[in-house]
Amino acid sequence: MMLKGFLYPRTTRGRSSLLPAPPWHYSGEMLTIEYRTDPAKVAALLPEGLNPADEDPGAVALIWADWQSCSDTFEELVDPVRSQYKEAFVVVRCKWRDETWSRCLYIWVDKDFALVRGQHQGYPKKLGEMWMTRPVIVGRAGPRLEDGGRLGATLSAGGRRLAEAVVTLGKEVSTPGFVNGHPMLHNRWVPAIESDGRDALRELVTMAGYDAEVRDVWRGEADLAFFESPTEELSDLRPEEIIGGYFHRVGVSWRAGTTLERT
Amino acid sequence: MMLKGFLYPRTTRGRSSLLPAPPWHYSGEMLTIEYRTDPAKVAALLPEGLNPADEDPGAVALIWADWQSCSDTFEELVDPVRSQYKEAFVVVRCKWRDETWSRCLYIWVDKDFALVRGQHQGYPKKLGEMWMTRPVIVGRAGPRLEDGGRLGATLSAGGRRLAEAVVTLGKEVSTPGFVNGHPMLHNRWVPAIESDGRDALRELVTMAGYDAEVRDVWRGEADLAFFESPTEELSDLRPEEIIGGYFHRVGVSWRAGTTLERT
Amino acid sequence: MMLKGFLYPRTTRGRSSLLPAPPWHYSGEMLTIEYRTDPAKVAALLPEGLNPADEDPGAVALIWADWQSCSDTFEELVDPVRSQYKEAFVVVRCKWRDETWSRCLYIWVDKDFALVRGQHQGYPKKLGEMWMTRPVIVGRAGPRLEDGGRLGATLSAGGRRLAEAVVTLGKEVSTPGFVNGHPMLHNRWVPAIESDGRDALRELVTMAGYDAEVRDVWRGEADLAFFESPTEELSDLRPEEIIGGYFHRVGVSWRAGTTLERT
Amino acid sequence: MMLKGFLYPRTTRGRSSLLPAPPWHYSGEMLTIEYRTDPAKVAALLPEGLNPADEDPGAVALIWADWQSCSDTFEELVDPVRSQYKEAFVVVRCKWRDETWSRCLYIWVDKDFALVRGQHQGYPKKLGEMWMTRPVIVGRAGPRLEDGGRLGATLSAGGRRLAEAVVTLGKEVSTPGFVNGHPMLHNRWVPAIESDGRDALRELVTMAGYDAEVRDVWRGEADLAFFESPTEELSDLRPEEIIGGYFHRVGVSWRAGTTLERT
């Protein structure tokens, strides 16, 4: 039979696919902590062929995001178990073919559709548990977007706290940091089922969203702590110097990326 | 020893208490569907001594809420696993001593601190899984607060879908319905450990919040569906006529209630 | 109306009660680590009127349990989301009126029906995430009940790891420790809704199960580690000396307890 | 850098890989319901090139499994959040190149490491919530492996119940059904990041475990019900005739599969 479905399981009608076909639309809030770590620690996580960024090679962004997302049918928006999810991810910059790229080193997410969507885009997604303070406009149980407003964020996986951060807002600015601002440069690696060390798929890909809309960008001070886990190496990237913390709202859509190399 | 702690476990320092002492502050978003069911179905769920409301005795509000809450230390706000939770609850009105009261018949929540806080206030809280669309101001993945904006909400427990609703916004109004607008009239029942049918505690209590602040109240059309479960009777309250759907933001604080009767 | 239901919400038919009426039946596996802590740390957690045990007053049992439980209808057993749950709890001994009792200081559980059942029995239950190795009889992915078999257990709450333990089995024995072997002495405290420091219910209760059946009791070596959390004081009870680790299977039923004192 | 890790994220030390390298060892309990559906419904879910099995082409197995699994370091066994998981899956048979194969059409699992391990093996894994009665040897809260013992199993995803089953044991037998007994024939499909309808990887693979050890195989009667979901097509495979229900324990190891075709 001709089976339908962007992802598995593919079926006659295609309704079962774990991921609807693109485009995908996103609206959310992000909390970003930018900091510097030992540049050698970043370099050690770049695969062969990728090099450290020329400028500020130890710069890292740890980003929490609280999203709604949907397909072009928009049906997920009124069944929000299918549209809401949270994630936390680590972005660095690197150089490839004389250009500067952003690259996601680690990422945790709390829904399966978001995990496999990340795989499609080259994000190395695991499951985790993320929490992030939401700014409010009524009542006492949350910060306002104003000088002194404090937002916290935490990341856990496997019942272990991996990271926590607090951002104390200062003033409104125009851009939420610089580390996550380049086109993404990701690998898509699929090990051969022979499990012999070969990859059945080895791609270097890039991508960017479109129709990005940014609002309410605030910059402030940030505190950040990492904790140990037997299945993570996140704490190797410990901060030597905090650059700053950012809150912003963002809307963006995503349709496709580009394969740069297959090896 | 003199042990400290508003709730159990009480300890030397009191830090372990599952619930910090009041006051508690709340900021959140609510989605309310008001409808009429068979008044006999509401009357059947009122304990002896309580009577149906004189007006509109079959009116019911099914309410979803997406909260941040905190104690007077506000420390929970930057560790949001301790402040964020969602709930869904069913409110009706009743008459007692010639006054009209609101009363919560069923309620589900997704955190333990919120469950026991509900017990303190007389809310019959169970655990459930709630989802509720959030309005957005950027991007395509969410409704705006405007005519035609659609918000969905779902309730599940034990891996079974219990209810789902969609509200299509119409226009801004001044109040989000009338069913949940009176002081609450709740029972606090604690069965005797002898498990012999007696209650060790039987109270009729009332309470209300203070410093309520309401914003962005929208009224619209609503659809609502209930589903069966072997451990629930929610579907007995099925809608005969939808009154309306409401979105609003609310901030409120809570300090104490009043014991009306002990029997 | 005459409402029915052992616990809330009470309704016409009584099906909604979060907890079915007793008796309750339990079948499960337990992993126990017995150790000695500073006796002053145990004494500090006993309320006025209770005193340290005469013998071995610093003895503590940290117990993980992986349960199936059901009511006398047994219907929960074929809808196992309603019968399976895990818990971890800390038991010490104390003296009251010249007798020795067991007392649960802290306990975490992962289902709501088990949380409120604990409240009924005086256990100070919070929600947590527990994992415990299961012994197996086929394959390589688990220990056998034999000399050298290793079982691990972990406890987390709020995305923070609170405790972890490993027991290495030695030999079969007749009893799984001594700390949790006395009738339980618990407080049931319900704060007044006036939130003024008074309790509306203050009881000292005792209870024990019946028809206990114990199988496959093994004793061995144990390692135990506690971790910090802003909402817990568990790590105050850190081990100074490990007594031993135990695995056993147990079946038991529970019908009722006895109120010893109301104040 | 030379990065290490069987799966992503690949790092200097390789500890972060979401999946440890094979071999993987499994020990668990399985509940299988075999039944016949309309053969056209099975045929409709086979991709081009695969044909219905010659015999009993409408035969389906719906299988729940409650696993411990680990890598060759066995370290996951004492940190059981990394070894325990549950799954439910639908297996049919098909014909390819004149041989009969088993094929998994749908599968849900509750841990990320198990989800991506399934992807490696060609299983179309989504996240779900599974529960399955465990037989016991003490107490009243569970069936014995004996005539009349009843075991239930449920499957939910996205807060919706998808399937439930009850097996009433009859007698001990030698094999737990026939549908899942052939080498697996799976597709590994990875859509191109260009999102243009092409797949970057299209493989037909096969695999089988080794060192299988089976114990306690019981056969009995079975009831099975499917429920609707907007994101599933499971209920298309509704039973026309129940063949039987099975419980068994199984241990097995897995190292590698074979790529049969790349297109």
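Going by the order they are written in, the chains are A, B, C and D; count residues from 1 in each one.
The rule is simple: a residue touches a chain if its C-beta (ideal position, glycine included) is under 8 Å from a C-beta of that chain, and two chains touch if they have at least 3 such contacts.
What you are looking at is a predicted structure, and each value in this text was computed from that prediction instead of being measured.
S.K.: Give me the set of chains touching subunit A intersected with the set touching subunit B.
M.R.: Shared contacts of subunit A and subunit B: C, D.
S.K.: Please state whether A-D or A-C has more C-beta contact pairs across its interface.
M.R.: A-D
S.K.: Using mean C-alpha positions as chain centres, tell me how far subunit A is from subunit C in Å, no decimals.
M.R.: It comes to 40 Å between the two C-alpha centres.
S.K.: How far is the middle of subunit A from the middle of subunit D, if each middle is the mean of its Cα atoms, in Å?
M.R.: 30
S.K.: Can you pull out the residues of subunit B that are in contact with at least two other chains?
M.R.: 79, 81, 129, 131, 154, 159
S.K.: Using the touch rule from the top, collect the residues of subunit D that touch subunit B in their complex.
M.R.: The touching residues are 129, 131, 154, 156, 159-161.
S.K.: Could you please specify the touching residues of subunit C with respect to subunit D in the complex?
M.R.: Of all residues in subunit C, those touching subunit D are 25-28, 67-70, 74, 77-81, 83-84, 129, 131-134, 136-143, 150-154, 164, 166, 211, 213-215, 249-253.
S.K.: Sort out for me which residues of subunit A touch subunit D in the complex.
M.R.: On the subunit A side, the touching residues are 1-3, 6-13, 15-16, 18, 21-22, 43-48, 75, 79, 81-82, 105-106, 111-112, 115, 120-122, 124, 126-127, 158-159, 187-196, 200-201, 203, 205, 207, 230-233, 255-259.
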